[in-house]
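Structure first, commentary second.
Chain nomenclature is as follows: A, B, C, D, E and F, assigned in order of appearance, with residue numbering initiated at 1 for each chain independently.
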Amino acid sequence: MYHHVKKLMYTVKVDTPDVRFGNMLLEQFGGANGELAAAMQYTIQGWSCVDDIARRDLLLDIGTEELSHLEVVGALIRMHLKPLKTKTEAAEVDPLVTIAGGGGLNLLNSRGNPWTADYLKITGELDVDLRSNIAAEARAKIVYERLIDHTQDRGTIDTLQFLMTREITHMKAFAAALESLEKPPFSIGRLAPTPGLVDEFLNDSTGDGDEGEKDIRSPWINSNGLKVVDSPLQGGKGLSLNNVRGIAGREARGKQDSGQRTTTAPQMGELVGVGKP
Amino acid sequence: MYHHVKKLMYTVKVDTPDVRFGNMLLEQFGGANGELAAAMQYTIQGWSCVDDIARRDLLLDIGTEELSHLEVVGALIRMHLKPLKTKTEAAEVDPLVTIAGGGGLNLLNSRGNPWTADYLKITGELDVDLRSNIAAEARAKIVYERLIDHTQDRGTIDTLQFLMTREITHMKAFAAALESLEKPPFSIGRLAPTPGLVDEFLNDSTGDGDEGEKDIRSPWINSNGLKVVDSPLQGGKGLSLNNVRGIAGREARGKQDSGQRTTTAPQMGELVGVGKP
Amino acid sequence: MYHHVKKLMYTVKVDTPDVRFGNMLLEQFGGANGELAAAMQYTIQGWSCVDDIARRDLLLDIGTEELSHLEVVGALIRMHLKPLKTKTEAAEVDPLVTIAGGGGLNLLNSRGNPWTADYLKITGELDVDLRSNIAAEARAKIVYERLIDHTQDRGTIDTLQFLMTREITHMKAFAAALESLEKPPFSIGRLAPTPGLVDEFLNDSTGDGDEGEKDIRSPWINSNGLKVVDSPLQGGKGLSLNNVRGIAGREARGKQDSGQRTTTAPQMGELVGVGKP
Amino acid sequence: MYHHVKKLMYTVKVDTPDVRFGNMLLEQFGGANGELAAAMQYTIQGWSCVDDIARRDLLLDIGTEELSHLEVVGALIRMHLKPLKTKTEAAEVDPLVTIAGGGGLNLLNSRGNPWTADYLKITGELDVDLRSNIAAEARAKIVYERLIDHTQDRGTIDTLQFLMTREITHMKAFAAALESLEKPPFSIGRLAPTPGLVDEFLNDSTGDGDEGEKDIRSPWINSNGLKVVDSPLQGGKGLSLNNVRGIAGREARGKQDSGQRTTTAPQMGELVGVGKP
Amino acid sequence: MYHHVKKLMYTVKVDTPDVRFGNMLLEQFGGANGELAAAMQYTIQGWSCVDDIARRDLLLDIGTEELSHLEVVGALIRMHLKPLKTKTEAAEVDPLVTIAGGGGLNLLNSRGNPWTADYLKITGELDVDLRSNIAAEARAKIVYERLIDHTQDRGTIDTLQFLMTREITHMKAFAAALESLEKPPFSIGRLAPTPGLVDEFLNDSTGDGDEGEKDIRSPWINSNGLKVVDSPLQGGKGLSLNNVRGIAGREARGKQDSGQRTTTAPQMGELVGVGKP
Amino acid sequence: MYHHVKKLMYTVKVDTPDVRFGNMLLEQFGGANGELAAAMQYTIQGWSCVDDIARRDLLLDIGTEELSHLEVVGALIRMHLKPLKTKTEAAEVDPLVTIAGGGGLNLLNSRGNPWTADYLKITGELDVDLRSNIAAEARAKIVYERLIDHTQDRGTIDTLQFLMTREITHMKAFAAALESLEKPPFSIGRLAPTPGLVDEFLNDSTGDGDEGEKDIRSPWINSNGLKVVDSPLQGGKGLSLNNVRGIAGREARGKQDSGQRTTTAPQMGELVGVGKP
């Protein structure tokens, strides 16, 4: 159950409204990496996460804060777009918002595209979803950073700095939730990859380009057990395809399988695929 | 420049065509986490990555392999959908593919939605893009695992096991590329978050639910410097908003700023925002 | 600012999970007339409604309740979809939710289409938005009614009856807010329609059809000042086009122009178009 | 069956072509509340309305007129966009229309988004559809008003005044059709809402905001039988949830059930749900 | 200006309603190659075709007939979907149409995707648009053929045969309009391709596949002046890139430039690019 | 299987970066008729074309070349957009690319719309697909021509001239593949149209317009066996509807049915509908 209080989470002040900047800000209201996308992604993941109520709580904590962020971004945009209502020349900057939206808010990105749930990454597999969320926070952070780079308005910068900081907070929290699952590195879900084949990095782009590009074999490509293999199309030996012989075994899901569950969650043994030979 | 050879990267065999399973497989052909999404995301990131030609090469290596995977998935789907062309009762499983597509391939997901670039996560900031790619590989892996869970056909399982394994290979490679940048943890881009505020985890979802949900304070929430703060709406002290006073400083971008660049890349000092006080 | 409490607004119980019905229920979660659409439409209208803080409050009251409804519908769907996780034959009912979503929630409608902000009707003109909301509540009500028509599960019926009832509550409230503006009937915005022309109903579909359709001149078509005019393409005299000579005058906006405003709202006289001769 | 005559319903004259204004006008050609949306919404509702041939006729009369309006708006846009074909600097205003469309018409809105059937509100329930249409006409009217506010061209203003006036005509006609059904107020479809609960308005947004927002209890909120209830999250008594005990009874559908029907319409007693206890 | 007469262009009779077939038929109502797409593509091309009023008339003749076809397809679908209203088990075939649409028509394709203007191919260049229309008619024809292949209902087959035949009629007419322009073969627009380079067919997919695919050099690939060139990636000499030296000259646009024009069409000499050296 | 070499198919040089032109160029990267659309359309048609391996080879040859073109267009755009990274005022030209994409490439068109598979025309019927491809090449050619019309940069013009020329090459090749099938003109698929009816061109748009439009009966409308019929709504005799009596017979599919096939292709006699009486 939700409750709303009219006070903004961060008080918004705009000294000099800038319609073009208001338009850019829409990216964090109705854009692909914006606050509604974050709120919906984490909240819906949380509602589905019935077999780990601790991390469900985390997802709902952060999902709810993102709703409050959406409101803050909305207030900031509204103040920057105010001239759309009072100056006819401003209208040309964003005809859709002016003519169809009356100069007010709408769930659009900076190019007027409607928000879509295609922006969301929700798989219902907790460790995968946490990785998607870490990446989502990184994206939101860089977008706020770029917005700060494009304004001189002090009140606007303060608000964006607040929002940008919170993305890092959430990134830390999602990382804590993921690491504490104590799943082995590069272990996803319950099926193991095929040994040998999994460590072969295929060199599938070769040659030199006109801007100085090269076929580079960096030292770090030998990390994590990887070794480089040349493509058979270039005379290399290619991947060890013969290693594949059905399923390669099971992997542990870490602490998720022993955590606290809701009363309505299916039991481990009931899940499709778990008992497959 | 691309070249195509007619031999599949992995030879596909289907013993028993299953139209419903062929429909599910479309998820990895024209779906949100499928092979075209992977190919496009990495390749386009690579084409834009002009200031680190080593990691540009990596992105193009993997992006190209994903195109070959798309072809393999396509061949697998085509064999499973073959009855759409020869049995009228099969057509009801997927009328769009049958009637509009003649029983052949199309860039659709398992519910017939057209592929859209909204699936892609491309920011042009290398460390952010690598995190998005790690998450993308995790998602693709779990989708292949679920597909394996829903078929008994041996040739199909082998092909899916091959493809699933390669997702882990790529995840390892993206992780190697990210870690070798030697950027501090939780440092994204070049602007620092506000100290103090960045470590406050807001407890924004409270109370107990009817299915056993609780307001949980897990030990791991104190990792990464975090501490829990209660919401002012619940009588807590809330976030330390007064800490925010404009930009909080700069952060290093790790080895990316000293790496090999293309001849056409902008210089560090030319970039918007870098010299901002 | 938002806060979340884990207790559902209405406690959900499902006696017999029904995957196909769970799929239908998605219509009210991620569908065109579902709870997210309602929550977003009213909340965003409310955030933009700076010149009437009483009706802004109403929009936010209802927008927030719809968020709580979204959570209730989500819980109901999750319980009905539970077999997707435990029975492989159930997966064929909704491959997208099973394979891509792990049997959990996602922002999709009953046919797997992603939620889009194109569903929303937000114009930033209060009396228009209230009419859009009355219609939106009517649509949501009929969808719940049809869902009730297609299930026999008692716990499910109770939950749907609760949600359906609240749509009528909100419809009453939006109607109260609209009527109390005391704007004349058929007066929208501030520009008057051209007299004479506005009362001519054009008979633009004529003749008889094979299923008993007729060209009917019902008594009620003479209501609201209307009179029927035949098309010039059928030998009729057509519309009185010569009546149009520029703008036909101004209309009052009712009590909206004298209500309580936020401190950041533009003044009446500042608005584009208001002083236009 | 349709027939087209080359004469426009309203003769369009443009004194001074204005590419930016032509771009804004696209909102009423291929936009969410534009003429194609109106034509399709009413026409398709009409084709489905087999159990009330009088109101089916009305829907087709108006749907057909909207097609003629689409043609008028198209001619107006074409004249305003003419410089896209003859002046290279004009092309930057709308690259999509210039480069992809050759400076001609396309089904786009003012921000270049393709028209989508997601704009339509069609439920197949006559009284609901009529309410959606009243709201649609109100939205189209305010968009025309705003367009008039942003041009000084006399011929353009006349055309827009004509089109704006007709929206009010149609609004009157849809209202006449709805009222003459003689359905009780706030009665939608055939299932009754739960008494008591239906009259409780939940005060779900509280407190004061920084721009002067308040938690307001307006006198009009007591209209239509409503009374305000405080949220349990704020210590209020909340909604009377115990009132819900299955379906609360049936409601009459007004004159729709006794009107003239096509020969192919299902009979009242055949409909799903009607006989449900 | 449009007029509607209630009589269908072809009288529709359905002996045995088949909900699954009705769902397939949606492909020609709200699908990518359906009747609305045809009507909109030709009509909007016609409205923009101001410099050739003869072919403008043709485009409007056919565009209008397609509207009448849309109505016929709609009636056919409605009759096949009738059980959605009267049998609860039928609803599962198409929950979106049943629950959201009341069992009536909506602008969806056979998988429930909303119609979008992305289906349309409109460039505003007459000879290009005519080629797009010839291809569109071929697609619509094959879709009708496949629908006929999947039904046994006599009345339905007759209606589909009628509609299928008309697509060939329109294909003939578009071909007549294109050929009578007397433009040279493979001449598009006004800029000539680079000689030499234009005749080189690049052999960019080579080798043998596991299903019997081969690198084939068919005799017909030497038609139209073409000759095969091997890729430099395979040791071939590649394309003659040095032939490219700016624009290669002008081409005639055939009879379009000397035809009858509307009074509002730009003159030939005024067009952007025409006088470019 | 695909392989990538870092050398561009055509070396790109930009003398004067032009952000607005870079934005226009996106039309050929992520737009409806751009290089990705071409690559995907031909390649996926090729993968599905199992019953004619010669033309399958052609489709894959051209589809692969289009991927190399996509890379060339991407490099050209990147160079034109470079100022987005270095000049804050440039950012306003394309806020989405700047703020969300970091000034790099993304799969968008010139108005910021995400690429969608709705752009593709794939039916799985070879002769139909070849016609769609001829039209697609014509569209791509005219878009390149218009881009050339809007730039003065020599290096840019050379690159566009190269790409434009290749579209004509491909158009020639698709035409060769279609003609060599030796299917009769206006014969699509295997079902014949109804004789008589197929030759009647309906004059469905009549009268004169205000811009000089007329109801024209051009001599060429009598080509291809056509004759003009007036509409019954205008007193004409209308179409010969009585000619329709079920299926009108079979047509040959030309050489496609006797060509080389993959080992996995269904046999002619197995296909749905072929044996229908």
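We adopt the following convention: a residue touches a chain if its C-beta (ideal position, glycine included) is under 8 Å from a C-beta of that chain, and two chains touch if they have at least 3 such contacts.
Every value quoted in this text rests on a predicted model; they were computed, and no experiment measured them.
Peer 1: So if I look at the partners of chain B and the partners of chain F, which chains show up in both lists?
Peer 2: Neighbours common to chain B and chain F are A, E.
Peer 1: Please identify which chain has its centre, taken as the mean of its CA atoms, farthest from the centre of chain D.
Peer 2: B
Peer 1: Given a C-alpha superposition of chain B onto chain C, how large is the rotation in degrees, taken in steps of 5?
Peer 2: 120
Peer 1: By CA centroid distance, what chain is farthest from chain E?
Peer 2: A
Peer 1: Scan D-E, B-C or B-F for the interface that duplicates A-D, counting it as a duplicate when over half of the contact pairs agree by residue number.
Peer 2: B-C
Peer 1: State, to the nearest whole Å, the distance from the C-alpha centre of chain C to the C-alpha centre of chain F.
Peer 2: Those two chain centres are 38 Å apart.
Peer 1: Where the centres are mean C-alpha positions, what is the separation of chain B from chain E, in Å?
Peer 2: 35
Peer 1: By residue number and range, which residues of chain B touch two or more other chains?
Peer 2: In chain B, the residues touching two or more other chains are 1-9, 11, 32-33, 50, 57, 60, 63-64, 68, 88, 91, 100, 102, 108, 111-114, 116, 118, 123, 125, 142-143, 146, 149-150, 204-205, 209, 213-215, 233, 264, 272-273.
Peer 1: Mind listing each pair of touching chains for me?
Peer 2: A-B, A-C, A-D, A-F, B-C, B-E, B-F, C-D, C-E, D-E, D-F, E-F
Peer 1: In their shared complex, at which residues does chain C touch chain D?
Peer 2: Where chain C meets chain D, its residues are 3, 5, 9-11, 32-33, 46, 50, 53-58, 60-65, 68, 116, 118-119, 121, 123, 125, 127-128, 131-132, 134-135, 138-139, 141-143, 145-146, 148-150, 154, 157-158, 161-162, 164-169, 171-173, 175-177, 179-180, 185-186, 188-191, 193-194, 197-205, 209, 211-216, 218-221, 223-226, 233, 239, 241, 244-248, 260-264, 272-273, 276.
Peer 1: Inside the complex, what are the residues of chain D that reach chain A?
Peer 2: 20, 23-24, 27, 31-33, 109-113, 142-143, 146-147, 149-150, 204-210, 213-215, 231, 233-234
Peer 1: Once bound in the complex, which stretches of chain F touch chain A?
Peer 2: 1-8, 11-12, 88, 91-92, 94-96, 98-100, 102, 108, 111-114
Peer 1: Considering only the defined contacts, which chain F positions touch chain B in the complex?
Peer 2: Per the stated touch rule, the residues are 1-9, 30, 36, 40, 44-45, 47-48, 50, 57, 60, 63-64, 67-68, 71, 74-75, 78-79, 82, 85-88, 91, 100-108, 114-118, 120, 122-125, 264, 266, 270-273.
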